[in-house]
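These notes open a run of structures that come right after.
Look for chain A in each of the two complexes below; its partner is chain B in the first and chain C in the second.
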Partner chain A sequence: MIRAAFASTAITAGFCLFVLLVVLVPVALLYPEPGEVLSRFLLGPFEKTRYMGNIVELATPSMLTALAVVLMFRCGAFNLGVEGSFFLGGLTTAAMVLWMPLPPLVGIPLALLAGAIVGSLVCGIPGILKATTGASELVSSLMLNYAAVFIGLFVLNYYLRDPTAAMLSSDRFPAEYRFESLIPRTRIHIGSIVAVVACIIGAIYLNRTSQGLEVRISGTGNDFSRHLGLNSVALNIRIQVIGGMIAAFAGGIEMLGLYSRFTWQNTTGNGWTGVIVAIIARDNPILIIPAALFIGYLQVGGDLVSRAFGVPTEIVSLIQALVMICVTSVAIFQHPALRKFVQGNRGEAAQ
Partner chain B sequence: MMDLAASLLSPEFFAAILRVSTPIILVAMGVLISERAGVVNIGAEGMMLSGAFCGVVFSAYTGSATVGLVAAIVAGMVGGLFMSFAVHVLRANLFLSGIALNLAASAGTILALFALTGEKGISGTLDSEVLPSVHIPWVQDLPVLGTILSGHHILTYVAFLSVPAVAIFMMRTPTGLRMRAVGENPEAAKATGLSVIRLQLQAFLLCGVFAGAGGAFLSMGYVSWFSQNMTAGRGFIALAAEVMGAGGAYGTLAASLLLGSVDVLAIALAGEGLPSELLQAAPYVVTVLALALYGLRQTKQKTIGTVH
Partner chain C sequence: MTGNETTPQKALVEFREIGKTYPNGTVALRNVSFQVIEGDILAVCGENGAGKSTLMKILAGIEQPTQGTIHYEGRQKRIADPNVAGDMGIGMVHQHFSLIRSLSVAENLALGQESRRGLLIDRRAAADRVRELAQKFSLDVDPNTKVGSLSVAAQQKVEILKALSRNTRLLILDEPSAVLTPQETQELFVQLRSLRARGVTIIFISHKLHEVRALANRITVIRSGEVVEDGVLSEMSDAAISKLVMGVDVTRASRNQRDLSAAAPVVVVKKATVATGDADRRIDAIDLTIRAGEILGIAGVDGSGQEGVVDLLCGNVQPDEGDIALLGRPMALATTLDWRHAGMAHLPGDRFQIGGAPQMSLVDNVMAGSHRDRQFTRGPFLRVGAMVARTNELIKTFNVRCLGPREPLNSLSGGNAQKLVAAREFSSNPKFLIVNQPTRGIDVAAAAMIHGELLRLSQNGTAILLVTSDLDELLQLSDRVAVMFDARIAVVLENEGLTPERLGPYMLGLEKAS
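Our next item is the complex of A and B:
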């Protein structure tokens, strides 16, 4: 079984690389020095400490949003509100930091908590509506993502806006509220550690606690869990509120870790990245960590070739879209030949 | 306030509702077909975006709006092929394939725009065509109805005419019946000898036709350019309209008009000095509320109808 787990992870990783090359090689061939483009994309991110730092910085929010997605998916809720939760969480945290004259030691946790609570609405409301009215959490969470942005922009424009700034942005955060860099020449901050720890806690919660077991059971189908006497409805709501809190918390961390003022004019895409990371990690909280780093690596690689050769960064999104389909492809991953290879000769009976 | 009331009752206001609802109606009809065939198409947003893009590009390079419209429809159908390939051949998750299509369309249109014009945001340098507006003889001379009903973009009329067409197609033709059978119970449909994959592929392609046309309306009528992610969630709103319409064409039309009016109302109120951000949020919030109310009614009916 362990061999199977390792093999399927290895095959997933192999597919990710395969898709990466399938998109990248033809694009590179459009440029005068295709070899340069390829090596810049693939090896460039490891050339400097700063670039490796960028990978970790980018992976940090997506680890947390992916954890939120994994929890909700595993519970059987197809909730895509993480994008809006992340945005509102960042905004609320920024507002709290600007409005509350508290010492940072109290103020930062309080601001993050407030962000988590307000931001959780975007995932929580669809969960509650699904439970009480049966409205599809998928559609209502997609709608609320847009609503969250406009409501957020309203708050920004009417209450947080710095009238002296050239662009629409809030006042500057007090310096003592901003996270310090942990490693010189990078902007890696305490949030990265928090994110890794959160993924580990998430894995323990899902796999080693009784409530985690209930989450997994109610995610496999409500009939069975009903026969067991589980209150799936309440559990579903709880998980979606928690998921929203995690995603919103990530938004707050991102805000204090990388920004000096609130400048988001739209959703940041971190939620969608979280969905992709969750898919690549196959809904396993521990595997979120490498999956998020992989996506971060792609983003840094894309950024480097964009700066050096003018290759548009959107190719990274194309790679992500293809990776998503390939990884969820049952035809590929449940293919008899592949299964036989994964499970070895003895594993066949065990499935 | 009197001005506002007057403008809300003016024929122009109702004409605006028809205009704003057009893309939602078109895409919702496509979503309806795919949903009834058992493959809810989240990728409608991406199909719409590719349609909007191809409409602008092909009309700019050929100088013909008709070619642009055809290209937009074909682009939507290519999206349908993509969905069918992902779901039927690769057997990937339906929802995630839709999300992947949206992501790919968003990135792909920006990439292609950049390759063609060197810009990423907007197709301003492309001299693209728009589809014509239609003035209906006799009707245009009527006092109030003339303003409301005549002079619209051709796709607005197509959208409204497509509603009875889709209703008849789904409810009164053999193919429509088969599609519904496949959506209702694929195993049973298969047992009667229907090809589930072929019917769902057709549903995806039809959805692409409607979504592509909806996109063409946006970039070749509503405005005359393409800008990145210009669909702004209209594909998702169409999805919600279809849910609210309970899978019926006329109900979906009513829901699309409702959501469109909220949008127009928000624009009208923004002129009155209300915060435009909150008004922009309104259509999405109303959609969620409407979904919840609709769901509540459904669950009540179900409890009444079943004996425990």
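Our next item is the complex of A and C:
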């Protein structure tokens, strides 16, 4: 069992590397110094502490949004409201910080909590609609993401806007509310630790608590949970609200960790990245951590070659898309020969 | 078999020292050698997990042997994949259907061998082909209906047609009767005999001895991956076969004869009607009483309302009219959870869809439902150690064959999965137990074990509702039998010298209780 789990992780990692090279090598060949492009993309992110810091900064919000997605997917809810939740969470946290000048020790948790509660609506409402009317949570959560953005822009424009700023943005946050950097020369903040701990708690919740077991049972389909008499409707709503809260909390953390003003004028894409990470992690909370770091690494590598050689950053999206296709190709994963190949190799290596 | 004396026996398939070891070390087959004679109906018997299905999958190209060779028509062949098997004229009908429910019959049959017109699939040609095949083999199906809307028996016909669609000379059926009613089974057998008359050789996997007798002329018995018998069926007694299959004599559990008239009623249903939902689950003014320690059997042609009664008494539906009481408590508005709290347990008909979560581990499957019991929790956390210990204990008492408690449910054979689900439901000491098709598609030993458990529970005072389409099982276990017809209970009979023939007219609606 453990060996099989290991095998599927190894296959995923293998695919990631394979796709990386399949996309990168032809692209690199278009430039005068293909070797430079390749090494800058692949090794560049590790050259400086700052770049490695960037990987962690990028991975932090996607770990949390991915955790939200994993919890909802594992419960059988295909809710994509994380994007909107993240946005509203960031907005509400920013608004709280600006409007309620409390001492930071009370104010920060309160602002994050308020963000989580407001942001959870984007995931929670589709859950309630599904339970009461049968409307697909996939469709309603996608649509609600737009509503969240426009509500946010309205609030920003009419209530938060700093009239003296040149761009559409809020007032500056008081300095004592912003998270301090934990490692010099990076912007890694407390949120990264929170995200890793959250993923571990998520794994414990799913695998080691009674309610986690109910979540997993509900996720396998309705017949078995109905047979057991579980109230999977209520559980589903609850998980979607919790998922929304986690994603919105991530938005608040991102806001206080990396920004000095609220400047988002559209959703940030952190939710979508979370979905990608969740898929690569194959719905396993622990694997979210390496998966998010991998996606962060791709983004930093893409940025570096874009700045140095003018390589379009779209190749990062291309790599992400291909990795997702590979990971979701269950057919490939369940290919017995491939599996055997990997497991067999491991077995021989062990001896 | 008189024909065999005049025409020489020609082997269509010969297995030579076939062995199969899975990568995880499980030995499924070792040294299997025997012949399949052309024109025979060969029954392959054995317990669940004995290796029958593996052997047939090797023949159909789905799995590869790790040892030995297969000779087809005298020549050594390597059957690399199901397509090769198809080209050789080997077709297989699986126990779990491989049809796509959202496609029509014709589309399902054409899949993988579509006749094209330009870039498009020639639907008319596909439909004509189905009609032609259906006529040739006198299997009556409409090419344009969606497979999902067909009854199980009709789906099986489609599956057989699909297997026959490529000039098939050898047809393999994996427990074809497991999903059928007795009537449908009879019809299937007529069709199989006529196929044989057309020169199709048939290999037929079954657990049911009387079916083997009715259909086959040769028998091969496999036990723990080895052939223990291969011979002419008429030369063997039932007892001998059953001993070969099991390796030991199986004693059939028999009913406890006792007076139950004084026992307290556990479940009382009065004029319960459920009008909504699909037609097969409708029930109309049902009256039922099940007493403590009683096994009440429900007989009826499939779809006569048995499923409706099960739905009603496990809390899946609430009655539109009428009353239900469990131990004097009104249950008309109760949910499944209320029923379970009140002492109901339920062994459902579908162990992989309803009774368990196939991808989840045995521990999760066994502990689901008692995962909130104080014994297995510490605050919100599960006591995994206690759960694994409990699972191991149940695996041992119910003799579930598996690699360990962390294995996923879907790697177990049907019979072992059923034992596991039964272990969960039976071990909760239910006051009222619903069992729906408890032994469908599982081997004699597993069935005997489940029967024994049911009788033990009834002796301890559990009221049991037994829904089964296996009349032998029904009459073997039930204290009383209620026969359903057209969503109503036609009659309730004491099981005193009751025979299937007595039940028949009620099942078909020809007679009603006065």
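Going forward, the second predicted complex is superposed on the first by the 339 of 351 C-alpha atoms of A that agree within 3 Å, B and C clash if a C-alpha of one lies under 4 Å from a C-alpha of the other, contacts with A are read in each partner's own complex, and residues count from 1 in each chain.
Assume contacts are C-beta pairs under 8 Å (C-beta built on N, C-alpha and C of every residue); 3 or more make two chains touch, one makes a residue touch a chain.
Treat the numbers as computed from the prediction; the structure is a model and nothing was measured.
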item: Combined model on chain A: chain C and chain B, fit or clash; value: clash
item: Touching partner for A:29 - first (chain B), second (chain C), both, neither; value: neither
item: First, second, both or neither for A:321, with chain B first and chain C second; value: first
item: First, second, both or neither for A:223, with chain B first and chain C second; value: second
item: Partner chain in contact with A:129 - chain B first, chain C second, else both or neither; value: first
item: More chain A residues in contact [chain B versus chain C]; value: B
item: Chain B versus chain C as contact partner of A:154, first or second or both or neither; value: first
item: Partner chain in contact with A:106 - chain B first, chain C second, else both or neither; value: neither
item: Touching partner for A:142 - first (chain B), second (chain C), both, neither; value: first
item: Which superposed partner A:312 touches (first chain B, second chain C, both, neither); value: first
item: Colliding stretch - chain B into chain C, listed as 37-45, 145-153, 181-189 or 199-207; value: 181-189
item: Contact residues common to both interfaces of chain A (with chain B and with chain C); value: none
item: Touching residues on chain A, where the partner in the complex is chain C; value: 1, 208-214, 216-217, 220-221, 223-224, 226-231, 340, 343-344
item: Of chain C, residues touching chain A in the complex; value: 23, 314-316, 335-340, 346, 348, 350, 353-360, 364, 367-369, 371-372, 377, 380-382, 384, 406-407
item: Contact footprint of chain A on chain B as seen in their complex; value: 42, 86, 89-93, 95-97, 99-101, 103-104, 106-108, 110-111, 114, 120, 232-233, 236-237, 239-240, 243, 275, 277-278, 280-281, 284-285, 287-288, 291-296, 298-299
item: Contact set on chain A toward chain B in their complex; value: 78, 80, 125-126, 129, 132-136, 138-140, 142-144, 146-147, 149-151, 153-154, 157-158, 272, 275, 279, 312, 314-318, 320-322, 324-326, 328-332, 334
